[in-house]
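Structure incoming, see below.
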Amino acid sequence: MSRVPYHELKARERLAAIVDPGSFAEILPPPARVMSPYLPKLGIPVAFDDGLAIGRATIDGKPIYLAAQTGQFVGGSVGEVHSAKLVGLLKAAARDRLPCVLLIESGGVRLHEGSSGEIGIAEAIRAVFACRAAGAPVIAVIGSDIGAYGGMGILSACCDFRVMTEHGRLGISGPIVIEKWMGKAAYDSADRALVWKTSGGKTRYLLGDANALVNDDTAAVRAGIARLLGPASPVTLAAIEARQAELAARLEQFAAVTSPEAIWQARGVTDPAAATLDDAETFVASLAPAAP
Amino acid sequence: MTTAELLPLLFGESAAGITVTDQILTGYATVAGQDVAVLGTADGTYINNAAALRLSAHVIEVVKTRPGLPIVMLVDSAGQEPNRTAEMLGLAGYFGHLLASLELARNQSHRLLTLATGKAIGGAFICYGMFADAIYALDSASVGLMPVEAMAAVTKIPVATLEELSKTLPALEFGAEPFALLGGVKEVWPTDASLPAKLAAALASATTEDDRARLGKERGGRTLAFDVQQRVLADSAR
Amino acid sequence: MTSSPRDTRRRNKAARLSRAAALVAGKLVPHEKTADLLRAVIEPGDILCLEGDNQKQADFLAEQLASLDSLRDLHLVMSCITLPSHLELFKKGVVRQVDFCYAGPQGNAVADLLAAGQFPIGAIHTYNELYARYYIDLTPRVALIAAAKADRAGNLFLAANTEETPAIVEPTAFYDGVVIAQVNEIVDELPRIDIPTDQVDFVIEAPYPMHLTALFTRDPAAITDVQILMAMMAIRGIYEEYEVESLNHGVGFNTSAIELLLPTYGEELGLKGKICKYWMVNPLPTMIPAIEAGWVETVFSVGGEVGMERYTAARPDIYFTGRDGSFHSNRPMGQLAGHYAIDMFIGASLQVDIHGNSSTVSKGRITGFGGAPNMGCQPTGRRHPSKAWLKAGREANPGPGSLPGRKLVVQMVETFQSGRVPTFVESLDAQDPAIKAAMQGVAPVMIYGDDVTHLVTEEGIANLGACRSPEERTAAIRAVAGYTPVGLKRSLADTAALRARGIVRLPEDLGVSPARANRSLLAAQEIKDLVRISGGLYDPPAKFVDW
Amino acid sequence: METFQHSFPSRPLAWPADRSWALAGVVGSGNLEVLIEPNPAAPDAVAYDLQTSIPGYADSWKAALADFAAHYAVGGTRITLHDQGAAPVVITMRLRQALDLLTPAQP
């Protein structure tokens, strides 16, 4: 099979596959040993990059900043050092008015570092908007096993654009938390089909939370990013009012809906059972024109 | 202290201009003679899609009808509502939109000031309160990622271990004071009659610079964040 | 009335049935009357068979049975102890003796019951061994079985999971025992009749469908690079080397990796049409790519697999199907086929000792065997030759009084289990004195070293069948035992000598490059790929669906 | 958590001009990361520096790391390992992957 599934790759392999060959120049690379001071005290091994590789590169010759999270390392979680690298990168992108691409794979704040990661994510969200104000688009790519949850789900929603694969999930509370809260009858976290229909790329795209839904392979992800490397999405009154109206209409339209399939149908998917299996490209192409 | 008691303490009679519906606060008030817009949460409520949308609607109204009016955000929320339908309908998007609406206000010269009054936990704090120009907390507020017992349950690290470590690592401690050591809040205020004056002074001194990392370093609670940010900025400039 | 010595069982059955007749009319029993029926039919001292294996369970009947307070002095015969209701019978102290095969999911509880003196083991069997005893000295007086559907006459349809039902029903019915079946539904007309009504005494429509486990579904996403490396070695060093045409695969990820490498790595080696043509294995989802690529001639199975119903029905060239078009299986016949008619058995276990004995027993856990020993052994009654059988036989250097051939019996294990627990040990946990004491001094060894021809680890392949002495065999095992304590005791000189003779072969000796051992080599990397390759005919259970 | 440092003799590695480090693997359950850096002070030895979440396997580690030092030319390097319970075969695999980044032609 020639396809290289994006979700199969580790953070550094993703970086390498997405940018122009050899163009990635890492900032604070592994030998710099910018590592968590918390984890060793809790008996947990550290990672040289604290689960986040950041740097500069080019896509189609255009310079960008980019970051990639390692989901295998403490769930891709965001601690003090991890968030500080992210904040620094975003500030650099705002300063240089360059696009910033975030390859997200994170369950959110790193609990082992308590409130320091929480504040770090809040700082990163401020920095995302600083980029947007500077006209430098921030693009979140969500297509990994872990997805973008918790604070990183919120941060992703603050970016100019979101590129998702059908494998990616975007949310705040994960299925296990919700199952604990609501009970297994309301949300069985082992029912992976339901989990993906609740937070997965296809549903997010249909509702307008993802700007692009691309196939789970690195070439498609790269192309999805490349298309969005133009102007940023400015935070204007008109844009905010339009979004307010859209989100209000969504809430009203689906107030009584509990099944994701009903949302799919309302958004132009004629046969949800069949469309479930479609790859992203086929799925998007098959949507009735009424869908966003 | 309940919301009904707290609002008059902060805003005096002008608290009457604040509506509390389903634990979501919206309205207008005055602080030491200065008009402000007020929004927030009450009684530790969980924030869902509709709540976030009501908060952003208020921000839009303020931006459109009261140019430059400072916005005071009160935080008493235990978190985002853990609910499957909320997630299915894109709760993260609603939170992102709330933050974007506040960014619009900031860009249009509205000062944003947060006071954590009760619970200020996790995603509920991130989705609006922590986005302010200046963030303060009452000494009685429950501020932080999560209480140590909850942290222990998720990380499988014993409570005793976490408590012992939190003596030297304030990030692991729950509460307004340790949060201030990390730079997450500027000051912790006692819940007394001095609040209106403090609030007025804070509004006057607020700037749009995010100085939390620097504060965290100066106060010794979050020692690495500022330096790492600066290193990235320096290395990327080469 | 005088009693005849010639028909006491028949008259006893008549008495049981007449007690039941006071409660119910005819064969169809409302489920509310189940407990009454069981109370009327079961007598103290009975040999009672409760159907249940690693996939399908007569779970409603088991629960009803466990709720009775009238039971005593039962001799339980059952292949698998898997449900909490099974354990309940032991806790109540109504079991005089138990003869069984497997207790995997309840392994810890069984060990605890044994320690408490509440688990009177007769013996731990292999499947066919126990079924055989149903015809000799363990014929059930009452058998509680499970079927998919019944018609109003009492005929049964077993659907995909025939499993062991015929092996229980036939001896029971033909030796004057009582057969009681739970079914998911009663219908006017069955798709096909698998058990005729004359072998069935009572049918109960259970209030919920019987439990079915997707036991053989392996998510390709969980296959590791190490398993792929081992799979590459196995394909080169055994499948290709011996031209293995007929075979059985275990349920583990190791063999799933092999299945998923056939259409890629196997194709590249030009092995299609030469190996892996005839299978005795359940309908494994991970075989879909190889089947669709034309590797496989036939598959016969001991049971079905949840989600594979439509796929198997659509591939009657490959699978055995009934006149109704749906999949058919049979556990005793499948085990028999796996014993006599295949070139190779390949499986895994939790522990291997320095003699090559293996076991899935670990400290505080009694699991039993299942079907592996029926296939993972030398069938000394085999007479038909095949290339693989003869080649393995030649390597074993048979004397004038021995068989000319050998089945390939392959154990494929990583040197460490998860959590860095070594697979290789000097002595098996199965040698635990308490377990042996309950088994008349016999340790529950799953596969004996004498039967094993090859051991595959991530370090290399040891050809135990070609070893000339027990000492040599131990040296070969140590040579591939890696950095476990057993492996650290190897001698470099021994290993070099065994390598020179081809008894130990490392990846480079097999022409396998570890650098290529990568998940991108798999024909399917996730369950969704399997669904797509099946043309949408495979319906994976929801817990495997992440899209 | 257990740490240890150990050096083993090894033939010198010729560092490629365009690289100053090589990393392979990630820290995650059953996995580890290894970082190879130059250590010109000791050209005929490799200095390992290990941190592991599973204590009690020093003998296995030493044997695996010594074998790697003996089989491959990694003299003049410092290799740091962050382990979260990787099996020895994974350790060897990661070491080899990191080394491949520096010397693709090694046998």
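Chains here go by letter, A, B, C and D, matching the order in which they are written, and residues are numbered from 1 within each.
Simple rule for what comes next: a residue touches a chain if its C-beta (ideal position, glycine included) is under 8 Å from a C-beta of that chain, and two chains touch if they have at least 3 such contacts.
None of the values given here were measured: they were computed from a predicted structure.
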- Whose C-alpha centre lies nearest the centre of all protein C-alpha atoms? A
- Query: How many Å are there between the centre of subunit B and the centre of subunit D, using C-alpha atoms for each centre?
  - Reply: 46
- So, what's the distance in Å between the C-alpha centres of subunit D and subunit A? 33
- Centroid distance [mean C-alpha coordinates] between subunit B and subunit A, Å: 24
- Task: Please report how many Å separate the Cα centroid of subunit A from that of subunit C, as a whole number.
- Result: 43
- Query: Residues of subunit C that touch two or more other chains: which are they?
  - Reply: none
- So subunit B residues touching two or more other chains come to none
- Task: Identify every two-chain combination in which the chains touch.
- Result: A-B, A-C, A-D, C-D
- Query: In their complex, what parts of subunit C are in touch with subunit A?
  - Reply: 264, 519-520, 523, 525-526, 528, 531-532, 536, 542-547
- Query: Can you list the subunit A residues touching subunit C in their complex?
  - Reply: 1, 4-5, 8, 166-167, 190-196, 200, 202, 274, 276-277
- Provide the residue numbers of subunit B that touch subunit A in the complex, in ascending order. 49-50, 53, 56-57, 60, 63-64, 80-97, 99-101, 103-104, 107, 122-123, 125-127, 130-131, 143-146, 151, 154-155, 157, 161, 165-166, 169, 171-174, 178-179, 182-184, 210, 212-213, 216, 221-233, 235-237
- Message: List the residues on subunit A that touch subunit B in their complex, please.
- Response: 27-28, 34, 37-38, 41-42, 54, 56, 65, 80-81, 83-85, 87-89, 91-92, 95-96, 109, 111-123, 125-127, 129, 132-133, 148, 150-151, 153-154, 156-158, 170-173, 177-178, 180-182, 186-187, 197-199, 203-204, 207-209, 235-237, 240-241, 243-244, 247-248, 250-251, 254, 257-258, 260, 263
- Query: Given the complex with subunit C, which residues does subunit D contribute to the contact?
  - Reply: 30, 54, 57, 59-60, 63-64, 85, 87-90, 93, 96, 100
